[in-house]
Amino acid sequence: MLSFECDYNVGAHPALLARLAETNLIPAVGYGFDEFSDSAKAKIRAACADPAADVWFAVGGTQVNLLAISSMLRPFEGVVSAVTGHINGHEAGAIEYTGHKVLTLPHHDGKLRADELAAYLEGFFADKEGAPHMVQPGMVYITHPTEYGTLYTKKELAEIRAVCGRFSLPLYLDGARLGYARACPSSDVTLPDLAALTDAFTIGGTKCGALIGEALVFPRGKSPAAFFTQMKQRGAVLAKGRAVGVQFDALFTDGLYERIAAGAIEKAEKLRAAFLRLGYRLHIDAPTNQIFVVVSNERMEALAQSVRFTWWEKADEGHSVIRFVTSWATTDEIADELISLLESHGQAV
Amino acid sequence: MLSFECDYNVGAHPALLARLAETNLIPAVGYGFDEFSDSAKAKIRAACADPAADVWFAVGGTQVNLLAISSMLRPFEGVVSAVTGHINGHEAGAIEYTGHKVLTLPHHDGKLRADELAAYLEGFFADKEGAPHMVQPGMVYITHPTEYGTLYTKKELAEIRAVCGRFSLPLYLDGARLGYARACPSSDVTLPDLAALTDAFTIGGTKCGALIGEALVFPRGKSPAAFFTQMKQRGAVLAKGRAVGVQFDALFTDGLYERIAAGAIEKAEKLRAAFLRLGYRLHIDAPTNQIFVVVSNERMEALAQSVRFTWWEKADEGHSVIRFVTSWATTDEIADELISLLESHGQAV
Amino acid sequence: MLSFECDYNVGAHPALLARLAETNLIPAVGYGFDEFSDSAKAKIRAACADPAADVWFAVGGTQVNLLAISSMLRPFEGVVSAVTGHINGHEAGAIEYTGHKVLTLPHHDGKLRADELAAYLEGFFADKEGAPHMVQPGMVYITHPTEYGTLYTKKELAEIRAVCGRFSLPLYLDGARLGYARACPSSDVTLPDLAALTDAFTIGGTKCGALIGEALVFPRGKSPAAFFTQMKQRGAVLAKGRAVGVQFDALFTDGLYERIAAGAIEKAEKLRAAFLRLGYRLHIDAPTNQIFVVVSNERMEALAQSVRFTWWEKADEGHSVIRFVTSWATTDEIADELISLLESHGQAV
Amino acid sequence: MLSFECDYNVGAHPALLARLAETNLIPAVGYGFDEFSDSAKAKIRAACADPAADVWFAVGGTQVNLLAISSMLRPFEGVVSAVTGHINGHEAGAIEYTGHKVLTLPHHDGKLRADELAAYLEGFFADKEGAPHMVQPGMVYITHPTEYGTLYTKKELAEIRAVCGRFSLPLYLDGARLGYARACPSSDVTLPDLAALTDAFTIGGTKCGALIGEALVFPRGKSPAAFFTQMKQRGAVLAKGRAVGVQFDALFTDGLYERIAAGAIEKAEKLRAAFLRLGYRLHIDAPTNQIFVVVSNERMEALAQSVRFTWWEKADEGHSVIRFVTSWATTDEIADELISLLESHGQAV
């Protein structure tokens, strides 16, 4: 059975495991203040070209999102997100559990649009009488890549940033799959761009080669007050913080993070080409490691005999959108096997 | 420099790292529903002699405490704890952040006493007029080993259980260092006892050989409603749940968990004997892997040149209580080095 | 200046003030357990034909909504509401502050539709894999009258009730303006119907003749556990609970509640007829005490010189929707003054 | 039956009811922005000699405490209180429900001591390693009068203020019974003193002559951000804010607030003298309107046939502490009746 259902179905990139083994018996202080974490943070700061950046490590995506958002908002504020934002639908109400509303705007292939954001904020703050009875927008949340695998251009990010600036709202970018964004040849957004254009962003590890771990960057050293204590309070401090630090240290050594993501993008491109060649329609034209394909329900069932993928949504009565995902662990052999399998089923119907 | 400051200053027991490496590239489903986690859970259920037990994995101690407590309490309830309970002082208000008060009772070398618990609960529920204006005790929290390294006897646990039963309150036992309790020759409390006498308990991994991870057991299959979703909501679900599952699978294979803890207890006994032989006074007579010693402030400073320990509290103007901790990673060589060091300083002053 | 901007711009119906004065110096126990509150509760139970109903008093609408919802939901659940529901937009995130998400569905003139509710719930619970990662729908919230002044028919309520029953979800009805619903000749929904068809509902006092106060009814005695303590915990218990109890006792004596609401409905009908006669278009055809009228922006400004109303929303470039509200305090003289004023401006433009 | 069990067992001072009736039909804007509330706020600012003070009205004591505390703390902070503080024991966990821990210090007849506060804060902030794992003290809470009816002197308040200043912590004073403090001839603490020495304080209405209502003062205009929205979010905004505003306007007209409290103090003095004359022991020597008397259990039961009082705590096997409370509504006749009753029982036993 082939596995293309997600980018977190195997363990860590072998270089990370090796590094964990090498450092295993070296005593180190706890709670993330160890030398391995320090080294990883220094490398991330360098990669971001932001020597003053604060870097923290958390274990997972929902955790890092709730940490960032609940510590950046004041009690009466909510976070603005596209309706498709991961925090809005797929994190079990983690943000609301910390007391904050997710304020939704329409999405465009998973992306917020700067003009719509501006119109919403202008309307809200213009309503002097009504606004005090409502949740005040307190920050903006975007994902890159989005839930649909799409990417913001640097220009789009700069426009959103400008709107945030006009209303003094911090911008937070969820980069759970950031490696795959960085590795896209068509993307012009770099880590230094993110450090310049956001107030906080994450560099996803779990989906990009780590066993566990996400890095949370506050550019220019602007961590929320007592952030370590806030992490502890949400159960997010590891006694052995090194467990994540060592992995990020390896990921940011010799460009490993981007190199392994680039492999995943290559395989995704190859698969995308195969789908198109076989007459399938792509539901969304996205350049990263997720491929959303429209298939007939019969074909979907036939494929499911030999390959794992994710059902995404209904396309029409007879068709579904299904998702195939590549990762750093997808070899050429595995990708070719999937292509052969697809070819054996013939043209799309 | 010798390291005796805590039991989480190195990585994982090598057998766990080896198992992570072996299973690394086997595709598995996410979120803790993988085969490795399933296997670990089965082994834990067997060790607890409770085939119906629910077992969940979290990454750390504060996280697992807030998960268990916030999901077992109703909104108007608090958790009863000894004033020294870890949740009361050292978890940054994690319990209160979920909306619940910690209701404190006096401690006796870190332990709650069943008669004092009973007296408190009788008084509370007898006050028909006042009680509705107060936080209702909704569960009881104890630690084993306690923060002072002491242990409950089976009889003491049964007495606390009986009090909880009279008032229909669940009993939750925090076993962050449970391995070291199990390995004490003098302790008569087994895993099946814990499964029989509590409504929830943890089996600590982080301090007992794992890189990360705690197991949370709900005996007799009594998990709180939608517990997986509650974990997700608090940011405690790992996409690669296998990261903890594989480790617990190894820990519960061939008695590794208790075996490595027994090594730590042996070294602690040896050190305890050395301290006494050299005329030091033990602050608390505790049988587990933590040794609380009274030293003169001059001696404390002298020792600090060659060994890391933890300052615990002031004993009197000229003396301090300091803590030495052994772990699965403390070898005979390291223990002997510390003893030689102590001897080189001569008798206690 | 005429005042038609809301139904809470004057104090209490004089009969309530008189009753407060009469009972003022009679000593009574605190916290809502006084004889006046008891009498009021008995009358409400009788009016609902539900001798077992639990009745509680709170001071305001947002308070009673957050009390009911946060005590009826489990931590991992959210409340389903029309997107226009008062809790979703106009209560400053009070529900989220208690940790719960508002799950929105489309509205139809302010109302939820049973078939859309059923489709959503079916979809949610059918998605066995995805649902545990999402906020679980835990109850349904509707308003009657809605934010647009519209009313559910008994048949529509029964259909929503049936859907809730299929999925074991409680139904909560926010009756902040319930008096005006009851007083509509066209409405077939009675208090006994609400007691039979909902799991909780409110009888609004503040907008229907009281100085402060809302009654919260749990039919069939099904209050959430320790509800008094939960009220106290949210700051909603009054030391002098009599302050609300006395008022509801007066409102439910000799049919005062419905009688004074009927007066408001009569005036609203008269005004509605006048608007139509003068060629204005009603934005929504609603039978209660709120009238939503489309006016040209010039006319709006002209009217604003002599009468207070509420700007509601933009209709098109040149027109706005504005709202006029009658109440128990709107006399025939005041209504006639508004009609004269409207006539003096001539036909709608 | 005589009623001395509390100071909230009758309605409002008649002057307040009269003012509610006079203003009843005057239309006014909602949510506390009405002319009556404005007038009351101006009078309170004048009484505090703080023209820039922000004044807000809430309905009850628990509500105003949770509003002030939850809006003045950051998420990772707790509030320091004497263990006897009302927020710690008698508000059903309202503070914890907003996510914050109550950090307790010993009490001295209900009061915090500046030196003990300083020692705690010094210890906390000196522990650079441990502090980040603990709840950070974020503000200080005191009551005046305290739960035992005692009062701070101006010097004591200034000392606490100085400690708060050293650690940059705001000081909040709960004045639920402030009127009775102000009316004590022996007290040297004035409203301008409170405005100068605290960062927030309340002026209790419910226990001092109002039907409902507490005033919350932020001296020097230092309200927490978006405080109105935070009130709304906790369900604390009244649509008819005038209901409290009108009452405080009357209370602060012609010195009514202090005048009616002075009457209660006179009666309390008279009763205190009678108890002492009859040989009773006072549990606490407190100058305000609460009298804590030690009585034999037999006498307690005998008295309970004719007068309502509050059982406070057990004194010894045969004796109890019981509380008698006077209020603005205690007439000379009622006080004399109680004295006669006491005399009829003879000397204390």
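Should a chain be cited, it is by its letter among A, B, C and D, assigned in written order, with residues numbered from 1 in that chain.
The definition used in the following text is that contacts are C-beta pairs under 8 Å (C-beta built on N, C-alpha and C of every residue); 3 or more make two chains touch, one makes a residue touch a chain.
Predicted model, so just to flag it, every value in this text is computed and none were measured.
When chain centres are set by their Cα atoms, the one at the greatest distance from chain D is A. By count of C-beta pairs in contact, C-D exceeds the other of the chain pairs C-D and A-C. Separating the centre of chain A from that of chain C, both taken as means of CA atoms, is a distance of 42 Å.
For the pair chain B and chain C, the distance between C-alpha centroids works out to 51 Å. Here the CA centre of chain C is 34 Å from the CA centre of chain D.
Multi-chain contact residues of chain B (touching two or more other chains) are listed as 75-76, 91-93, 97, 99, 132-134, 229-230, 232-233. Across the interface of their complex, chain A is touched by residues 70-71, 74-76, 99, 132-134, 136, 225-226, 228-230, 232-233 of chain D. Contact residues on chain D toward chain B in their complex (touch as defined above): 75-76, 78, 89-93, 96-102, 130, 132-135. For chain A in complex with chain B, the touching residues are 3, 6, 8-12, 14, 17, 20-21, 23-30, 58-67, 91-94, 97, 206-207, 211-212, 229-230, 232-240, 242-243, 308, 329.
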